[in-house]
């Protein structure tokens, strides 16, 4: 199997008439890594994928694969293989013919192809299914055949366009592990696009979060989650409570923001360190799991008060909703320790959080907007 | 009320399909009647001689041959053009699409003779442009006919392809390209196999349309004669039941092919991917299981085979001799001197519609030498003019007593 | 420029060979087989009928002589107008309209029945029965009608046998055979578009109308027919064009009084061998047919794009 090769997007811009699908995207993807583009529908991630594969010409900027500029090189000549969202398996060919299509176009003989097909069928855990036709397979099986077909082309880069979106939950979770395993075994670069952040976070080495054609942050999953670069990233990835307000004071890594729920201390996001000044509009993000119910009384830095407005029991987790003025209720997620229904609606409650786990960012658009 | 509407609907259906299928049935029956003018009544003898006559009619056979040759060329050309037309339609920029579609489907609406004339005239001009004479390919009947027919038959093919293309997933071509195929390879290995059923349908449509074309061909053929032209000439100038025999053959053959096609489609639906291989693997019984069309097709084949065997042994000579004898007998009766009628001499002429020269008109079978005003027709009080059957089946004429005054 | 970039995209998408094939084939088809021949025909119609040696020479100028002949006859025509040709032309059009209406009345019920009432197997069988006559070509169909309408044909036979008439009716002379033959020839082409249009009509609409107490004729008049208008229009268009341009049926089933315009064109081409005049007549036929169709479309407010097959 070919070793992984790096991809560089340099100031990539793709527009269709007046509509700019991708704006000035610059990203470096390491060879052999599992890289995801994460974002809501229409954010441009599919366009990036098609531009890297060669189905779309960039309006500006360039795509380099393995250091080589791909300008003017058609999709059939690029060292990439794309797995389409609807898989696009060839319905009139058997599974083994589908898988070895890349060899067929190079003129390889039948025996050689059959042999290779069997190898790949083993890899994707579908041994002896080669004689079937695509319509005879289940969704997950089709998925794996698509992967095998792409791998057979011996690409340096495998591109996957929301491959799991059509599968049900259990299957999706299973396939996540499968794909990651295959990638690690094969060792080539995977570029994966999805709107499901659970997928992105669990499978990828690095994630690029996109919104409306712009890459907002590129980092590993942990960083994306704990240290978002923009309010969009903070609110799109996972659940987050947003407290809007004004910077009362900022000292290097720490900041104090005056919000409707009181003054809140938070860590300044790494990406914007040093740029937050007093008087700036800012947002403090505190994850639901970062809250705990305070026993002491009263507000203060590191504390939030409010009225319980509802609760949800989700098995291992127990959610509490705390209402506040002119904003959505604060969502608090606590590990279930048998305290279900121990709070009644309307009850005054004090929440405490660790300022190191709260992130302060300049005001910006949220994912829900 | 419901029952009344039901009956009305039923009556309408019966009448409608009677109108539609009746002429065919009648025509089919005339093919087996030994009377030399195609008719059902009077039924003379069951005979298969017309089929024989047809098989030996060299003009018809030559016409068939030419039609087949032209048909093959037309199919090839129309498929090529129609496919290109359909592919372009899916890719042309939207503003031009309506105009483009109108232009390529316009030949369907154009009167056939206009297409034929335009084709002849155009290539005449082209020949002039190159300073060529009349013995050039641009005047050749086959060349002109293939082009003239293809101009609109390609439109039919295009429509078939468009319908099929609408269900095509472009992603497959992209996937093929992505996996390293050249455009030609993607076209050959992905698009064409997908279009195979459409290619087949379009080819059948094209061949049938070419086969039965008359209006355009009659102008473009020049001195050649295709099958339809030969038939048209026969119908206009030399009517006999061999034409009915031809219709019977065509309907039977087409019905059989339609059944085969239906059987194949049903079979293919059950074994997508490679139906032929499934046929060989599944065996004959697998093919026929709950496939009524297949069963009917075989029954039909058996029926035709049985008929042919019967026909080979059947000899209508005796029957025909009998019929002739009966007729002569009747003529004898009418040859007796008449009782007084001085009806007009007009009946002496064989009726115009009588296609066999009035041979069986009783007037003309007088055994006695004729006076200029031959005796009036039989059953004078009723029908002074021949009723077309030679009066044979008029009850009056079968009386042994002399006709009433 | 949109064309330039479109071409670029086109060849990128299809590759050089396939792209060239598509463009070359379509251009050849459109120009060499559709547009240019029509232009040549029009060109001929505006020319004198010259022998090959004189074509391209000084005598080869444009003229309206052929069209004038159609209207006025030969120069010095005492009648003033070319009564014969004009009469035939007019009769042909009227007859074509008549056949169209006849077919419409005949086929609408069956189209409706097939589309809305008949189920499954019954529908398929009926559809098959509809198609069967079209397996034999139009000549044989005309021939079939010649047999049954002839003096010794089955219709006369039945009528005489039943005592309804005494002597055989000359159906051919009365043009009944021709009209019946023409109507018969185009049944499928009238049924199919109407069937298509009615098939997409939501059955619930009819149910709703019936629920509100509408009698069957009103349901058709107000619900079905307006919906099926495109289908009806395309059916009528096709039948009219084909009937006006029919050649085989009039030749086989036509009596002496039912000369068809196409037969005149045929004779002009082959018997008088006057290609220019023949071309002019053909152009006249084409133009009038097209105008008629456009007029109908305007009247019934149907767009060209809706007339599909």
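Per-chain numbering from 1; labels A, B and C assigned in written order.
Rule of thumb we're sticking to: a contact is a pair of C-beta atoms (placed from the backbone, for glycine too) under 8 Å apart; a residue touches a chain by one contact, two chains touch by 3 or more.
These numbers come from a predicted model, not from an experiment.
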item	value
Chain located farthest away, centre of subunit A as origin (C-alpha)	B
Top-ranked pair of chains - ranking by C-beta pairs in contact	B-C
Per-chain Cα centre nearest the global Cα centre, belonging to chain	C
Inter-centroid spacing, subunit B versus subunit A (mean Cα positions, whole Å)	67
Geometric centre distance via CA averages, subunit C-subunit A, whole Å	62
Centroid spacing, where centroids are CA-atom means, of subunit B and subunit C in whole angstrom	19
Overlap residues in subunit C, where contacts from two or more other chains coincide	none
Multi-partner residues of subunit A (each touching 2 or more other chains)	74
Residues within subunit B bordering two or more other chains	182
List of subunit A residues in touch with subunit B within their complex	53-55, 74-77, 80-82, 84, 86, 88-92, 94, 101-102, 104-106, 133, 135, 149-150, 152-153
Subunit B residues touching subunit A - in the complex, by the definition given at the top	169, 171-172, 174-182, 185, 189-190, 193-194, 272-273
Subunit C residues within the subunit B interface of the complex	2, 6, 10, 13-19, 21-26, 28-30, 32-41, 43-44, 52, 55-56, 106, 109-110, 113, 117, 126, 128-130, 132-133, 135-148, 150-154, 156-157, 160, 166-168, 170, 184, 187, 216, 237-238, 241-242, 244-248, 251-252, 262, 265-266, 269, 275, 278-279, 282, 285-286, 289, 293, 304-305, 308-309
Subunit C contact footprint on subunit B (complex, rising order)	5, 9, 12-13, 16-17, 19-24, 26-27, 30, 37-41, 80-81, 83-85, 87-88, 91, 93, 98, 101-115, 117-119, 121-122, 124-125, 128, 134, 147, 150-151, 154, 156, 159, 182-184, 186-187, 211-212, 214-215, 218-219, 228, 231-232, 235-236, 239, 243-244, 246-247, 250-251, 254-255, 258, 351-355, 382-383, 385, 387-389
